[in-house]
């Protein structure tokens, strides 16, 4: 076995600058010795390793929904879904993360697509996941035998190590987005995966309006006494749009009546939570729905950690660092760590409109490790 | 100041028995010396102080709703409500707790009664409270300026140190039950109280269908992002019957479909929880609604700590230790610590019926202190 | 069975006063009806039940150590120790708690006494306990087979449901104090008790300098990896005086060097904690050692909940509400809920002296239930 | 701005295999469209992204202490320490992590070196750090003005955002190791950094035997009452070898006496913990000292997450996956995620010896996120 050495692109160079030793043959020889011993000095790297604040490798970027749907639809024509490939999903690849299918360093975001009658086979994995449906209907996700209807505006969390499959029971294709912590679990090397049954059982092809988990857990502030307490991930497998919509509308109504309810004037937001502990819906993923009243603008906010947004409804302008885009239904974009973000809802020509933004991010990781920082303005 | 001595009823007696010293003049003299010094030997008391399991001083007892309502109604005729007396409330006094207004050693349970147009004046206290409505409507409870409708089946938690008053906006009297931890806070000497305004402000005499706290917090698994996290008591001030009823019905339906959902066959139960942490709705009080399917019977259960029940609907037989009663709507009874309890729902002559039991108890105290024990069967 | 009625001493009287109904025959009749139905109105009782702040039933009181030891010694002569009586312990009975062996409403404090060669038999109970040794040596407490030396200044916690016995291996009697939550567990009716072996096994009559739990857990900030995590009660069964003394001395030294370390000038304090979670050493009992520098005085402090103090060393004056006592080694006194307390250390005629006060109280109960309040000054 | 596309090295290829679509011109065209739109299909990547168990990119590797010290010493001759470079530290660069100064994907491990009289300037950063000293003495680390002696076997945690500098007060150079979560905070983009004073203040050049934090917190189970409760990182800034050594020796002695104390026969271990909550000493880093009795062998263990070891004393053989090395004092090696690890202590020719291994790892990250898995054997 050849001796290891540092790869040539990262060879140590004597550089001038504050705190750097003078270039000299001895220094050059020392640096070569470091390389042979697989050592890297801190003094040449500290600026990159320990910046004064996060400087994300990720880039703000926007994907248009029409393009995503068009390409997913073409894949629907020629790429089968089955065991081995597992899912017909197209992941957003941040332009500055080396071609990896990572929307941000920690987050996976993909459009998934099922043709009429298709099944995506059962598996389970330690990665935490969710589905969010911006349009369409007709697919049921089956989690541990519980069939969950997927309709516009619904949020379906899927915590790690639960068996799941998807079944399109409709006569039209359906697309939705998947969010997972795949990049984080790749990076931390903590992934486990297991194949399940190849076919969804006929009995699981029921198409109930409400799934069993909703029937057990879908009531505000009520817990079934027979169920276990303080679960690390939510037992509620569907968060329906009707509730989310009403909660946002009421925040804006309460604000209009003079009561504190919103994050800032015209900016309502709800967070999907685990009803057994009130915390984030998944151990590594925060998910929220934001509504910006027509004509209003959110505060400019930077946070440790990254987010992916999808426009659920309305139109407006979002600003991510130096980039700004006019956005409309389905468009997806990323906000890297510590990059300032704000959104403004367009004033529609006609009746009342607002900008609804679905957001998911990695904040629970930082809060669990006491590393969260937020700066407003 | 005279020297303290032990009161004569508790004078120490030399007794015979296992572990007791022989009676003798010296022993008698020693015991008198203990009394003068305000000392009590463990060896004469240990059986009472440290029994092999709890032997409650409280007695199982039942109060009939018709009697409670009748007496509260007569009080409504001749006892005014106002500052000083504060509330027209009649507390259940357990027959073996010395005439104190304590349903159990830790729990206060009372019927409160307001005549048409009456106001109960504003105050606040460190004791935790709730209201539960077995029948009637027309009263609004105002908590920190938020007017909360009270209707049959609703549960209104009221955590400590919040301003509150009641206003009967209807043309008929209304009765409901109050539950508090008054005996526990008396015993632990931890009570604080403050008077508020004498009159409910006109602006607070609004009669909204939904209160502000419901509009903010009343959605399963959704939290308003602008509100504080992990509150020690629930921010949701009304738990509506429609949700409770549906949750119970679904547990029995899921059981019938073959899925685990109930505590035991035919026995459904939900617990009222704090949505910010998934724990009990109040730091010292657990509140639950139980439904026993017609013809079914609960398991026999003993628990450290005591409970008060009110029959919400249906009829059946409840067994508390050596006592058993046929019960009907509104009847209230107590289950002392470690006394076995079970309930059986009557099979109605006609259509499907079930026995709905509202229950509150002191279990959170024991769970917080790691002293909880439960025995089934 | 005769109908229950309220005992005559607590018969309801029509009284005049704010918020009270006018006396009348109808009112009298109503009150009699309440009694028959075992109901008590809130409006006649609210002042006692819900005072503006705690007004303790307990009285500040002092017991002199010389008296305690003398009476315990006489008991040693004529009262055997054995199965049934279990322990030769004399409990402080607060003068206003009806002759019950309760130092305060929640706390048991007793002097225990063993003659040379005596064994106190093994038992276990759900009540939490500790031993504190103000003088003497020679007894070993055996907890689950682990023999623990008891020496002056040592604190031995004894969490619920562990087998324990005591063995006097010396040629002289030994006295120490026991603290338990007996009154609290009596009141909350949560007690369990089990007899163990009648004799301490010979193998357990070893007299090791350090017990096994110390050898495993007695190192600052180090936990044995093979032991369970996050225990609800401490696994460390002896807190030795040498550590306590040094910690207090260092706080005063740091203060003298200009660093923040003390509660107030000249007032050092350490709390005994559970090393697996950093919280109080027992779920229901807080234990601390305080040192007041000669000539210094503590802040005046009131707290929800009660405490018992024993003077460990030095002399000074303690003030509890309206009472003040000059105290010396071994003296014990109680501080009821919300009664102001302060201590002043005497300036000794000769060299440096300080007042060392051992304290235990019920604060963990209130903190667990979010009911703690403290007022300084 | 040119349109983004995926970098050419990661161009999507139509591959054959389970679950893959048939190669075709249409598929090729589709894949090119994905690239243009910055999309990556899951079906071509799933094996790498979601393996059945972690397959670490990191490689087991060993660095010999003599080499580390020699190179650090040469750096001491020609590389100054000062503002800008900040520290004369040489980081272990795992051979398969692209030349980055990362011992594992999450952990930084470096040898730091100070010449006599040198100061490393003050700074602070959000990254958590510690020092461990395998040999030498004479340097004091100053944390927020508290001077901490560094001696063989001592462990000095340094939680994020505290000011710190180092000062060599001796007449000889000194080397030690630094551990940090730099790679994790780089990856998660959560780093903050601030420069402090360029010189250690003269007053901070005191050389106390015990630092202030030890004087406050260095007693088993005792907390200073005046200090804050439940800190997220340890307030104890030095864990001294004498305690660590004794704790390990006692575990082996207890095992020999027949009591459970060790992880497996002959394998003792202590974990450095935060005394305010009993949890890991730093929010992202676990640190432990292991002792393997001469002739004994640890169980084979795999864990999610990675570790770095340094041999503190003794000699033996360590096996990491397919690699095995004879190791001696100071040698450092890495154990990647889910790679089996075991150690065997050499039987020394002469007297009793044992193998002492200092270990640090990233387990708290996985425990906080409920992603930890361990497999023994």
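Each chain gets a letter, A, B, C and D, in the order it is written, and its residues are counted from 1.
To be clear about the criterion, a residue touches a chain if its C-beta (ideal position, glycine included) is under 8 Å from a C-beta of that chain, and two chains touch if they have at least 3 such contacts.
Everything numeric in this text was worked out from a predicted model, so none of it was measured.
Asker: Given the touch definition stated above, what is the smallest step count connecting chain B to chain D?
Answerer: 2
Asker: Round to the nearest whole Å and give the separation of the Cα centres of chain C and chain D.
Answerer: 44
Asker: Using the average of all C-alpha atoms in each chain as its centre, how far is it in Å between chain B and chain C?
Answerer: That gives a centre separation of 30 Å.
Asker: If you average the Cα atoms of chain A and of chain C to get two centres, how far apart are those centres in Å?
Answerer: 53
Asker: Can you pull out the residues of chain A that are in contact with at least two other chains?
Answerer: Within chain A, no residue touches at least two other chains.
Asker: Could you draw the chains as nodes, link the ones that touch, and say if you get a line, ring, star, complete or other?
Answerer: ring
Asker: Report the complete set of touching chain pairs.
Answerer: Every pair of chains meeting the touch criterion: A-B, A-D, B-C, C-D.
Asker: Quick one: in the complex, what on chain A touches chain B?
Answerer: Residues 212, 215-226, 229-230, 234, 236, 239, 243-244, 246-247, 250-251, 253-254, 259-263, 269-278, 281, 288.
Asker: What residues of chain C sit close enough to touch chain B in their complex?
Answerer: Interface residues on the chain C side: 4, 6-7, 9-10, 17-21, 24, 26-27, 30, 33-34, 37-46, 49-59, 61, 63, 67-68, 71, 74-75, 78-80, 82-95, 98-101, 105-106, 110, 125-127, 160, 182, 185-194, 232-233, 283-284, 304-306, 336-338, 362, 364-366, 368-371, 373.
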